[in-house]
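Two complexes follow with chain A in common, the first pairing it with chain B and the second with chain C.
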Partner chain A sequence: MTMSSTLNIQNLTVSLRSGLPLLGQVNLTLEPGEVRALVGESGAGKSMIGKAVLGTLPPAARVSGGQIFLRGQALDRLNAAQRRHCVAQSAALIPQDPLTALNPVRRIAPQITDPLTRIHGWSTERAQARALDLLERVEIRDPARVMRSYPHELSGGMRQRILIAAAFAPSPPLIVADEPTTALDVTVQKQILKLIRELQKEVGTAVLFVTHDMGVVAKISQKVSVLFQGRVMEDATTEAIFTNPTHPYTRALIAATPSYADPSRSFSPVPAELIAQMKSEIAKEEVW
Partner chain B sequence: MFLRTVLSRLLTTLVTLFGVAVVVFVLVRVAPGNPIAMMLPPGASEDDIAQLTALYGFDKSLVEQFFIWIGGVVQGDFGTSITLRQPVSDLVLARLPATLELSFFALLIAVAIGGVAAVIGARRRGSPTEAAVDLTSGAVLSIPDFLWGLLFVLLFGVLWPVLSISGRLDPRLEFDFLTNFVALEGLLRGRFDVAGSAFSHMLMPALSLALPLAALIAQLLKQNLKEVLIQDYTTLSRVRGFSETQVILRDAMRNAALPTLTLVGVQFTFLIGGTVIVERLFAYGGLGNMAIDAVINRDLPLIQGIVLLFAALFVAINMLVDLSYTLLNPRLRHG
Partner chain C sequence: MADVSLQTTPRARSGRRNLRLWLPLAWISTLVLAAVLAPLIAPHDPLYQDLFLERLPPFFMAGTEPGYWLGTDSLGRDVLSRVIYGTRIALCVSLIAATATCLVGSTLGLLAGFFGGWWDRVISRLIEIWMAFPPVLFAVLLVAVMGTGLTSVIVAIALIDWTRFARVIRAETMVQAQMDYVDSAQIGGARRLTTLVSEILPNVLPSIVALLMLEMGIAVIVEAILSFVNLSLSSDVATWGSMIAEGRNAIHFAWWVLLFPLIALFLTVLSFSQLGEGLKQRFDPVLQ
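Our next item is the complex of A and B:
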């Protein structure tokens, strides 16, 4: 809640133009260099939080209440151009699907260096050197050749590594990673997670890490926000979430996750009665 | 691989052109009207008619005539115009530059107007501005090129005569042309008075031809841009700090231009077809205008020559479109 927070979201409400709420009274903070996982079932509103921060909400949705502070700057006080500038200077996105996140008709090099030269005002040489450096860092062999390639010449795992390199290139204080590994196969997933964690420590970036995989949560984050139907059910440290979950939904989510350590352990789906009960509680509150 | 593509392409082209040659040759001969009768004064003797018929080879069988003609064509001899008494190839090639200049000027106008409208519409998608682009392009598209021509003749030729509505050039201009590309040559040789006169003569016919295509480009390119603008890579560009206009021009345009290009290529051949009537309307000395004279006078060799040239032009344009599609699409470039 201090002004030094990288990200501070207060009572954020996002609704559809029809009035239907997608996020209700969301609060969360992210301190510099911290990783916070956003977990919850599909449709809980995890991606919506990231989009509200980055200003990429779909046309049908809008922020209808609350505030977002990015490095102390209230985003709702800025006009569109200022906001775009503020977000570009402070945040970057690692998208979910590496296959659609690179422009198919442009080579890799400008897709990494253009933001650096045109938005961050770097020299071409500096941007080029930084891109090569980061590509090496994400374990891409022959980065000079990859820079000259088109996206269709590269594998999905390589493209996601390139997108990670591009996100970290300007050393942003905040990165939103929206399920960055779900589109990749399991062996690649682990490498990608490792890279994100290493780079995050190196650059000192705070990460808002969207996932529905509690196994990933345990590996990467220090804090966790558990979402259900656009609301934060529980906000705690990762350790507390796993050792002492207070909300029954959190317990059910953990129980529903197959364990990395012990894949043979049986897991149970979130009980339907619990979901029904939470839904009726949310409906009763009516404080959207 | 590449060589095989080129060869098969060349073969299809030849087959296409041969087909066109057969069809046009037969059509002009089964159409009513006797070219010989039209050349001679009324009351000419049977002898005169027979002599002239033999001179132009019309006494031979259709098949014989065709092979004599096509035999000449492969050697670059397209026969002699009946009315103008000059080699068809000379006549047609002298007129081709006029039609090419007009068509490409019209294409340029169409791409410029349509492109700007599409970008504005896509930039303001979902707003009244986009609705205005849709409405205007729909209205413009519903009026064909020759009606635009008539409208312009009335507006800027008769009611408010500010632009020349006939010919290619101000006849008072003195200039030794090396080619028949008057606008291009004027530009390249720094005679901007000549180029200016050529462009002002072309403006209205070109605009008539361009408007329907511009409207089509506006609609199609806007739709394609909107489809690209929801792709993840454009979202990523916005997050990185690029403005919507930058996203459209830098990220979306080339992706949206690809599917637009194919259709514009086809429509451009229709535009060239439109020159026939529009050139007539503005007394513009191009191929189309000549084609109408040739049809009126039943000048069979000339009609055949013009149609073949148009067909060759269409084939060439299709090839250019395919080529630029390949150049613009990296996935096809190293295939």
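Our next item is the complex of A and C:
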């Protein structure tokens, strides 16, 4: 079972070097071609899971327990270079902020094709053709010109679409999408979500979709992990989460989401008593 | 109306920028020409002493001798010829010493800023210790130990001033290292050193160029200071520093001996620093 999963995270604990825990005992699996949403408030540790998988945790944080299997390969058994190679072969990232995720002094073309030629051993021509193909696929007009452009010559929405093209270019088994629509305005958000969903189906990639937006969750994912303070509160199918949420926090999160379909429906913030109660439960656990 | 003002503003700005680039470039080209063609264009032998022609005033004053445009010094040597020959030493020192300084300082700055940890601790302590020495005294000491001569002067400048590069480049590298594109490169399978050289270095390059130009100006000054205290080159070579030192003795009755090398020095240092800023703006696609 472990071998067939694209991603299998077991009891993952990430903490600051000072000892403060950021993630506690996180378990989740991602089957091939599956989309799993990670939801929670800001600071819940959603992005940390993606970063722990990709090996880009900030210098102050480290994995202090548990295991990550990427296509059956235990990442903690590899040295830094092997790990980097393993991740580069199987995974890609759609980052949160399109404005800083592209190198400002390099043209677009090498930023898409570098991993293809470096890790996947493609010829430059093949990588270029693939990049052009995908840029067209993400609805970029005149992709040949865009390939020669510098990032600052392009709009934020265009840059995010380029990053999506770059992530899908090697057809990786896993893509971590770290709030890919948060930095964009609402009209562009819809387009971007549609693109990610289409490409995901085409390529058959499994996606770990980090978001705080329950509306997005409903649109894109089959499974959901609800996080609070670095812990998984509930892990279920998207359908179950919306029709029959078991954890009171999940119910509160759904209630806190304004509805696109029915703007008149009232929404309420997560109650403070609930948060206080959950915090005290986590604190009790940590004493142990 | 609005169209017109929108169009002219960037033009006017780029015009000012160009002036900042071309004016210093013109002065430095003149210096290079003067250095190369010195034997052809200098009206006299810079070392030839004629005690009958001592302290002749420059051309715009009474009592001049034809052919001695900028007058003569206390030993009857032609000031113009000495200034022209002085450009050879000035340019030679600024070019070689500044490049050496730049290579040492930038490399250490990049390593400390990117790899952090022990690299950073060792290099940062080294910078702090280094900067606790008074620089001019340090230079004088070094040249005194190594003996006078062009090589000693160049080595002394590189050994004193590398901290200027190391500090600035370290800080800039640290800023760049936190950018998302560095993570993206790593997820794309780039090795650490590759990331430093092909992703971060191009972003830091404009600052390196600006500092290099500034350093060329500073190298000219340091050489002049060492000449001033007679620690640069033997007195049978004309340098701006030694001219200023000799002119100092006669400042009350032959101020021109001091003034003309001083003007040359001033314009050169100013040109280098302005050229550095101009190039930085031109190099950096983000600033354009």
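Worth a mention:
The working rule: the second predicted complex is superposed on the first by the 285 of 288 C-alpha atoms of A that agree within 3 Å, B and C clash if a C-alpha of one lies under 4 Å from a C-alpha of the other, contacts with A are read in each partner's own complex, and residues count from 1 in each chain.
The definition used in the following text is that a contact is a pair of C-beta atoms (placed from the backbone, for glycine too) under 8 Å apart; a residue touches a chain by one contact, two chains touch by 3 or more.
Computed from a predicted structure; not experimentally measured.
In the three-chain model built by superposing on chain A, chain B clashes with chain C.
Within the superposed three-chain model, A:His152 lies in touch with chain B and with chain C [touch as defined at top].
Applying the stated contact rule after C-alpha superposition, one finds that A:Ala81 touches each of chain B and chain C. When the two complexes are overlaid on their common chain A, residue A:Asn103 makes contact with chain B and with chain C alike.
Judged by the touch definition given at the top, the superposed model places A:Ala91 against both chain B and chain C. Contacts of A:Leu54 after superposition on the shared chain: both chain B and chain C are touched.
Comparing which residues of chain A touch chain B with which touch chain C, the overlap comprises 54-56, 59, 81, 84-85, 87-89, 91-93, 95, 97, 100-106, 111, 114-115, 118-119, 150, 152.
Those residues of chain A that touch chain C in the shared complex are 54-56, 59, 81, 84-85, 87-89, 91-93, 95-97, 100-106, 111, 114-115, 118-119, 150, 152. Contact residues of chain A toward chain B in the complex are 54-56, 59, 81, 84-85, 87-89, 91-93, 95, 97, 100-106, 111, 114-115, 118-119, 150, 152-153, 163. The part of chain B that touches chain A in the complex is made up of residues 126, 231-233, 235-236, 238-243, 250-251, 254-255, 258, 328-331, 334. By the touch rule above, chain C contacts chain A in their complex via residues 116, 179-181, 183-191, 199, 202-203, 205, 284-286.
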